[in-house]
Structures are given as C-alpha cells and as structure tokens.
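Next come two complexes built around chain A: one with chain B, the other with chain C.
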Partner chain A sequence: MLNYFARRAGIAVVQLLGLALVAFALIHLVPGNPVRTMLGARATPEQVAAATRRLGLDRPLVDQFGSFVWGLLSGNPGQSITFAQPIASLISERILPSFLLICYGLVVAIVVGTPLAVFSAVRPGGAFDHGTRLFTTVAFAMPTFWLGLVLALLFGLKLHWLPVAGYTSGFVGAIRSLTLPGVVLGLSLLVIVVRTLRTSMRKVLTAEFVEAERARGFSTFRIVTRHVMRSAVMPTITVLAVNVGFLIGGTVVLEQVFQIPGVGSLLFLAVEHRDYPVVETIAVMAGAVVVVLSLLADLAQALMDPRVRLGARTV
Partner chain B sequence: MAPADGAALAPRVRGTRRFRIRRPQVVIGEAIVFVIVLAAFLAPVIAPYPPNTVNVADALAPPSTAHLMGTDYVGRDVFSRVLYGAREDIVVVVLITYIGLTIGVLVGTVAGYFGGWFDAIVGRIADTAIAFPFIVLVLAIIAVVGPGIEGIAIGIIAVGWALYARLARSEMLSLKEESFMLATKALGYTHRRAILRHALPNLIRTCLVYSTVDVVVNLLVLAGLSYLGVGQQQPGADLGSIIASGQPYILTAWWISTMPGLVLVLFGIGVSLIGEGFTESELTVSTL
Partner chain C sequence: MTVGDAPPLFCARQLRIAFAGASGPVEAVSGVSLEVRSGEVLGLVGESGSGKSLTCRSTIRLLPHRARLTADDLSFEGRDLLALSDRELRDHRARNVGMVFQDPFSCLDPTMRVGEQIAETLRVNAGMDKSAARQRALEMMELVDIGQPDRRYLAYPHELSGGMRQRVAIAIAVSCRPKLLVADEPTTALDVTTQAQILALLQRLRQETGMALLLVSHDFGVIAQMCDRVAVMYGGYVVESGPVTSVYRAPLHPYTRALLSAIPAIESAGKRVRRTGIPGQPPGIGEILTGCPFVPRCTLAQTACTTIDMKLQEVSPGHANACPVTTEAANASPVTAGDNGARSVPPAGLPGVNAAMDVHHAVPSADGAEHLMQP
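== the complex of A and B ==
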C-alpha cells in the first residue's frame, strides 16, 4: 500500500517539475528577446535592459529556474508586468468565479448525466439508450463558445431570464451569472460522464452477484441504487478528476464569452499583453490542479480497490 | 510469408467482416462528413461570391436565394465565407491531428518495444504534456509565438502526440507477448522490420479510432481560439472568426454567427458518429 502511494506520489512530483520546466522553457528559451516583444518595438535599449534586470532575465538560467520554482512554492510568484500588482493577489482576486464555474459545470454534468447513464445501462440498445447516445454526441460536438452565444441570445436577450455577461458576487448573483456558462460547461462534459458511468454499470450489471439478487426477487431499482451504483461510481470519479483539465480549458473560453472576471480571462489578458510571468504562473497552476487531482483520484481508488495497488504497474 | 503473419492478421480479418454489416449511424456520419468535406474542398467552384468581397449596399441581408446564409456587416456572403472557412479549418485540423498521431505512434511503439530508459523518459514527458490543460498550454505558446494558426498547431501537436504515444505503447506491450511477435525475434528479423511490418499494422487501428474523437476536439479548440481572436486573423475566414465577427449583430442578424456554428456542429456530429460505429464494432470483436 505505502509502496504504491510512494511510487504514485513520486510520479506526481516529477510531473509537477516537468510542468514548471516546460512553462519556464517556453518563455525563456524561445528565439528572440521576450522583453523586447513585451515592451513593443518602440522601447529604447535602456528600457529593455532595465526590464531585463528587473525580471532577473540577465541571471544564469538555472538560477532563474530555481527562483521561479521557489516563487511558486512559497506562494509569491512575483510581479505582473501589465497590472503592476503581485501575481498572487491578482490570481486570488479572480479565483472564486473560476472555481464556482467549474463546480457548477461538474454539478450539471453529474445531475443530468447520472440518470441518463443509469436508464441507458438498465436497458442497453433500447430507445432511451439510443436517444441518450444521440443527445450526448450532439452535446459533445457543440463548440462551447457557440452554444454559449446561442443560449445567451435565447435566455438573455430574448427571454430576459438571465444576465448575458458579467459576474455579480453574492450567492444569488453568482448563481444567476454563472448559470448559462455552467450549463454549457456541464453539457460539454456530459458525454464523458454518461459513457464512463454507463460502461462501468454495464460491467457490474452483468456480474454474478446481480444475477443472484435478481433470482432473490429484488427489484431492479433496489439492485441499481443499493449495489450497482456503488461499484460503478468510482471509475466515473476518476475519469472526472482526469478530465478536470478539459474543464479548465472550457472555463478559459467561457469566461471570455460571458466576460466573467476569473483566472481564465486573466490568462487571456496576460497572453494579449505578453505578460509572461502571469502566463507562466497560471499555466503551471492549472497543470498542478490536474496533477494533484488525478493523484488523489488514483489514491482513492487504490484505497477502495485493492486490485489497483496489488496489480502490476498501472501508471 | 511465415504462418506467424496469418496469426497477426486474424483479428483484422474478423474486424473487416464485421464492418460489412454497416450500422446506419456510421453511414449517416460518413454522409455528413463527406458532404461537408466535399463542399469545403470545392469552395472555389461552389461559392457564389469571393469570400472577402465587400458589398456594403447588401450588408446584413437575411438568408435568401441570392445569399443562402445571408450577408455580414460589410455585405460579404456568409455562405461563401463558411465554405472557405470550413476548408481552412478541416485542412488544419486533419494535418495537426495526424502529425501528432504519427509522432506519437512511432515514439510510443518504439518505447513499448524496447522498454528501458527510453520508455521511462518518454513516459514522463508524455505525463507532463497531458497534465497541461490543453487550451492553457496552447495559449501560453501563443503568448510566445503570437496569434495565428501557427501557435495553435504547435500547441495541439505538443499535447496530441502524448495521447497516441501512451495508446501505442500500451498496445505494444500486449502485442509483445503475442507469439507472432516472439516469432519475429526467433526468425531474426530486424527490430525495424518487426516494428514497422508486424507490430504497427496491429496497433494502428486503435489509434485511428481514437483519432476520430481527437479530430472533433481539435476542431473545437481551433474554432474556439479563432473565435477568441488568437487564431486566424482578419480578413481571412475561418469558422470561429466568422462566428466572432457576427456576435455584435446577433440580435439583428442572427445568421452570421449561427450558420457557421451549425456547420461546426454538423461536422462534429458526423465525425463522432463514424467514431462510435468504430468503437462499437471494436467492442463486439473483442468480446467474441
């Protein structure tokens, strides 16, 4: 058990270091002078030299990488160039809407996806199963930004039910302003939830213990809710944890569409202004969330299912 | 040919037979994709107007027989722009997806075949590439190379190869135990021959099936980033940027944004239907 944990955590640490290295290399090893690109063509050589010194870009690369990693670890990744503000406070101001949006998307995907998956798994090949498959395929093929636009047109501009853009804090305000993007985000994730849950439920439903329960005369409802769901939920959680990167990507786009002041739109602003320190930090943070969540999902699975930790290498 | 090759081909033959019973959804998917791809590639022939010709007198005209999808705010024909835009998107997406597939499959196959330190290094690099949320990495690359298709392509390939490398590696690991792969060793075939002639044909199929999903995902990423203004730059047309250009007029001229979106959705559905048909027959084969 400990052995597995240690190995799995070791991989996560390597991944995190890799993330930092890639983000760092992207910006420091690119051809051309990042400072020049950042300041624009009209910058004088003195300005470029001053900015280079201020950002520490004149120090040896190993040194720079060390202080970059240290900055991330100590929660003080430095100063933003465009916003003239510490990156840490920039991000912490904007993290809440992004976090809530991701949660909203997850809730929508689970609340809509679970019944769809359960009913299609109980009667595979039936009309409901086919309908669900068609629905999730369509939902998957919808570009999130386009669906967001269409829903905003319908519910915001025509029906005036929900705000079209922006973010209001407070419980009701947040719910109202995050509903449209949350639904769109959830729908894009739906296909993953439904397929994984349906597949793992099918696997359990054909197991011998289910047949034994049927023979005892238990209702399908009881079998599904009491026994099948319990064993089928875990793979879905793992898949969701792994796909949190997909959710983060969706948030970046949707925050832009609905003009929500979250980390995604901050990343976008930073890219537009070539604010490299901010881009670096957000990229590593986003990657770290994915790494940590999939680590937790794997550990949880190992705790619950001894086959994982006793089996051969799974990673 | 050694009998070993017959064994290697056996599952493929079964798969092929299975495919003669064509599922209606695959046929529908193929029809959708075929029509869109054909229309896109015949854009110069079909398009009633040049895609970038401005005609202010005709601006914001609703769909009609003269303008099938209406015109935009400077009177450009939306249908013509969509045709050209779809062509551009499809070419770019297919190229980047299959460049990623080629790199990934080769690297993954070699890693799985030889194992050892090469496998370990490839595995860790792939882990790192996959850990980055796709769009975030692509945006970071765009921050460096500047807006345009270039940055998007580099980003998608940088992540895409890793998925195929993992897939090909795990397929290779199970193939290695098959008797026909052991036979290539016993017969003294070179590694190159064993990998390219015997392992690759057997594992490429899984990767191709996965690539159908990947094409849709990449198309959505590409269109999304173009919509957000970091992809194709004006006046060039691609579906995402056409949608973005119609957004300010969405209340008065809904067609500018809606029509290219529908084409995207249809194409995505078509490709997913084909992909699903694949995976289902795949499942049937493996459970037989």
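== the complex of A and C ==
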C-alpha cells in the first residue's frame, strides 16, 4: 500500500515538473522575443533590454527555469508586469471567489447529477433515462456564456431574485453572487457526472452479487445505496477530479460574464495585456490543481477499494 | 414423512419462461412441473442450457428483466407467488428461501467485509440490532466451518479462497432459517476436495435444520449422494422425475439413460474411465417448437415423437416419465423395462460420500451402455 502511494506520488511530481517545463517553454522557446511582443512594436531597444534584464530573461535557460520553479515553490513567482504587483498577492486576492465558484459548480453537478444517474441506471431505456440524457446533453451543448446571459436576464433582470453581475463578499453575498455562475458551471459538468456514474452503476448493477442481494430480499434502495454506489462512485470521483480542469476553464468565461473578480478574470486580463509571468503562473497553478486532485482521487480510490488497498492478494 | 394433505413447500405447474427473441418470444422453460416437499432434497440434473437455473430462480421469482414467466401454478406453501406484491415478494425471498449461487467469486459484494455481509442480512431480514447481528454472524461462520471467525469476519471476499467464500454465501443463505435452500451448482466452481466438503456441509445443515434443499448439478453422482428425489431436465422440460433410487436403478427416459451412461466410472484400480458423452448437441432454445426436444439425439425416436405432448406420466409410484415410447415399453414389461443392467442402489436414507463412490462403481461400463445410442 505504501509502495503504491509512493509510486503514485512520484508520478505526480514528474507530472508537475513536466507541467512547469511546458509552461516555461511556451514563453521561452517560442520563436520571437516575448518581451518585444509584450511591450509592443513601438518599444525602444533600450526598453526591451531593460525589461529583459528585469525579467531575468538574459540569464541561461536552465537558471531561469530553476528560479521559475523555485519562485513557484516558495510562493513568490515574481512581479506582474501590467499590475505592478507581486503575482502572489494578485492571485491570493482573487483566489477565493474562483475557489467558491468551482465548489459551487461541483456541488450543483453532484447534487443534481447523482439522482439523475441513479434513477436512469435503475431503469435503463425508460422514460426517465431518455429525459435525463436529453436534458444533460442540451445543458452540455449550450455555450456557457450564452446560458449565463440567459439566466442573468431571467433571474437577475426580470425576476430580480439574484444579482445580475458583480461580487459581494461575505457568506450570503458570495452565495447570491455565485449562484447563477455556479449553476451554469454545474450544468456544463452535469453530463459528465451523469454519464460516468450511470455507466459505472449499470456495470455494477449487472454484477452477480447484486442478483445475490436481490435473492436475499434486499430492496433496490438498499442495494443501490449500500452496495452499488460503493463500487460505482470511484470512477466518477476520478473523472470529476480530472474534469476540475474543465471547470477552471469554465470560470474564465463565467467570471467574465458575471464580473466576478477571480483568478479566471485575472487570467483573461493577463492574456489581454500579455502579462506572461501571470499567465505562466496561473497555468501552472491550474495544472497543479488537476494533477494533485487526480492524485488524491487515485489515493481515495485505493483507500476505498480493498482490492487496490491490499494489493493483489487474491487466494 | 407424514405430510398428509399439506401443500408442498414449492410447487410449479406448467411453468414457462420465455425471452423476447428476434421473431417472437423464445421459450427457455417450456412447461416444467415440479414439487419440493417440506424437508426433502430434490435434485435437478440436466445439460447446460436445459433451464435448471431459471427453474430454480422461479422459486423466488428472480428472473432476468426480459424474461416472461407464466404458470398454471407457482406457489410456496400454497401461497401464489405470482400474486405477491413487491413487498411480499421481498419478504418471501428474505424469510422462506435461501439461495446459493454457482460462482462464489462474484456473488459477494467485493467492497464489504464478509462478516458484515452476513450481519447485514440478519439486520435487514431478521430485524436484529447491530451487536446481536454481529454475534449471530460469528456463530453462523462457525456453523459453516469457517475457522477463526473473529479474524475472517473482517476479511474481504477477495482475501478468501473459493471454498471459504462459498461457505460465507451459504451462511448468508441459511442465516434467516429458510424453509427451502436452493443451491444452483454450488460446487461447480470449486476444486474436488472443496466440492466434497461443501456438499457435506449442505448435507449437515439440512439435517440439523430440517430445511428442504433444491440442488442443481449436472453430475448424477452428486445427485445420487445427496437427494431423495430427482428431476431430470432437458431442453426446458422435466423429462423424468422420481425417487433417486428408482430413477437411478431403472431410468426410463432415453435422455436419463444416456446421462447415466455418461457418468465417469471408477475402475477397481481407481483409474478413471473415459467419459462417454452423449452424441449430438442439446437444442438451442426455441429450436424445437413441438414434440419431444430429444428427437435429434434419440436412438428410439419415431415420427410420432415430433408431435407428442410433453407430459409426465407416472410409471411406478412417484416415478414419472415424459417419453411415451419408453413408458409404453415399461408398462408392457415392468420388471425389466428400462433396466439398464445391474445397478447397485444407493442405500436408503441419506447416503454419504462412500455411497456415492459405490454409485460410481456400479455404473455400467461405457460398452454396456453403448447399445442405447446405436441406431
């Protein structure tokens, strides 16, 4: 078991290093001078040289990569160009709304998706199953920004239930400001939750032990909640963890539409202003979140599944 | 047994189970009639696909989703199983019938400790509280000969051997003291030594609790060792049924005879003789729509056989045969009819493992049975 943990953690470290390398390479190895691109065509050679020195771009690449990684590890990834602020404080000011938004989306997807998946799986091919498929597909197919605007129009402008845009801190404020984008985000993830959970539930439901439990007189409710779900949630957890990347992508658009001052809208601004250090840092952070979550998902799966936990000790 | 007029424990009359096929429904069980009486052991033999499992599962109406079941009568202790509500059906499954499946590797929840699976059954079906259920589960594990129950209670299914898992499955099945235990090829997936142990365990549990046992096997030796009566199935029908001794000594139906001649005999030296299989293939379901399903493989087949009604006819007390040709012959000369040479009869009562060995010894040699199969 410890062996498995160590191996899995080792893989995660390699993934993270690779991620940092790619983010780094994107800026330093692409043809053309990033500083010139950043400062624009009218910058004088002196300005370019100064900026290059300030960003440390004149040092050897290995050195630069080293300090880039060190900066990330020590929590001080350097200075933003456009905002004239340390990147660390820039991000930490904005991380909470984004974090809450992603959680909100996840909660919506899980809370809405689980019953849909369960009832579809119990009666495959039934009316509920077809209805669910239609609903989740439509929810998935609708562009996030469009759905966001429609909901903002309906619940914000027409019904005045929720703010149209903007962010208020504090518990109630955050909930109110994040409900519309959270629902949109959750709906876009819904199809993944429902499909994955439904598929793995179908597989477990046709297992012979389910038949054996029916023979014991157990109710479908007990079989599903006490037995089938135990085996079926694991793949869903993994898939969800991997798809947090998808959610992070979603926040970029939604924070824009709903004017939430989060990391997503910061990324949007940074790209707009060619603030490469900020883009680089956010990219690595987002990737790191995905890598770490899938690591945790694998470990959780190992902890929950005795067959993984104890290794292949089948007699 | 002094049963008197009490209804049989389980009774099926003209049980039919069909599946929707490409061109209309296809029958897998085509009119099976059988009874399990209180406390008796009924064996069900027959080739793969003859409908044994489906027949077994009809005792608790646990059939594949797409299966359609009809019957003139399907009852347990006189109660119509077809009229039960979902709730009543679950009660029936929980209280009256225990079921042991063929594959102990897949019939337990892989994510749950085996002891907890026994305890859960006791909590849900017998309404015990947590600690009582745990205590009783440990006792059950002891009852089915699982050593070190305290330790094994905490094991997951994959940590146990096949035999141990089957013991757990049996503990679950008998935990709520069912009146009928249905064991569908409970030893097929196990090695020979374990098979004998599991059969001995079933025998002991049955004697201790007095529950009835419906035991499926495609090994007549096992049936002879364990059962009071036997029903032989072929192509979705019961083709012959009767007391094990009678069916074994004087098999009537050509399929039963072929089946008995196919039992591997053990020579005096202890060497196994080559298995004489039955030539030909069993029918695919839906292949034969009228008459006797054994026609393509039967050496006695006549034109009339393709149109006969598959009805069991009693030849001697309790011994019934669905083949009119051999029934007629038997009625004509009752002493020698169907007597397939000398056979030793398993001792009355409950023959043990040794008796089964005797049975193997006594099976006529491959040559002796050959005449049945010759054209």
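Just so we're on the same page, the second predicted complex is superposed on the first by the 305 of 315 C-alpha atoms of A that agree within 3 Å, B and C clash if a C-alpha of one lies under 4 Å from a C-alpha of the other, contacts with A are read in each partner's own complex, and residues count from 1 in each chain.
Just so we're on the same page, contacts are C-beta pairs under 8 Å (C-beta built on N, C-alpha and C of every residue); 3 or more make two chains touch, one makes a residue touch a chain.
Quick caveat, the model's predicted, so the values are computed rather than measured.
Colleague: Return the chain, chain B or chain C, that is in touch with more residues of chain A.
Modeller: Touching more of chain A: B.
Colleague: For A:231, using the defined touch cut-off, is the partner it touches chain B, chain C, both, or neither? Pick first, second, both or neither.
Modeller: A:231: touches chain C, not chain B.
Colleague: Looking at the overlay, what does A:304 touch: chain B (first), chain C (second), both, or neither?
Modeller: Second partner only, chain C.
Colleague: So, A:154: does it touch chain B (first), chain C (second), both, or neither?
Modeller: Neither partner.
Colleague: Once chain A of both complexes is superposed, is A:49 in touch with chain B (first), chain C (second), both, or neither?
Modeller: The answer is neither, since A:49 touches no partner chain.
Colleague: In the overlaid three-chain picture, which partner chain does A:209 touch, first (chain B) or second (chain C), both, or neither?
Modeller: second
Colleague: What does chain A use to touch chain B in their complex?
Modeller: Listed in rising order, the residues are 11, 14-15, 18-19, 21-23, 26-27, 30, 34, 133, 137-138, 140-146, 149-150, 153, 157, 245-246, 248-250, 252-253, 256, 267-268, 270-271, 274, 276, 279-280, 282-283, 286-287, 290-291, 294.
Colleague: For chain A, which residues count as touching chain C in their complex?
Modeller: Residues of chain A touching chain C: 207-209, 211-219, 222, 226-227, 230-231, 304-307, 310, 313-315.
Colleague: In their shared complex, at which residues does chain B touch chain A?
Modeller: Contact set of chain B toward chain A: 124-125, 127-137, 139-145, 216, 220-221, 223-224, 227-228, 230, 240, 243, 247, 250-251, 254, 257-258, 261, 264-269, 271-273, 276.
Colleague: Quick check on the complex: what are the chain C residues that touch chain A?
Modeller: Touching chain A from chain C are residues 57, 60, 62, 90-95, 97, 99, 101, 103, 106-112, 120-121, 124-125, 156, 158-161, 169, 172.
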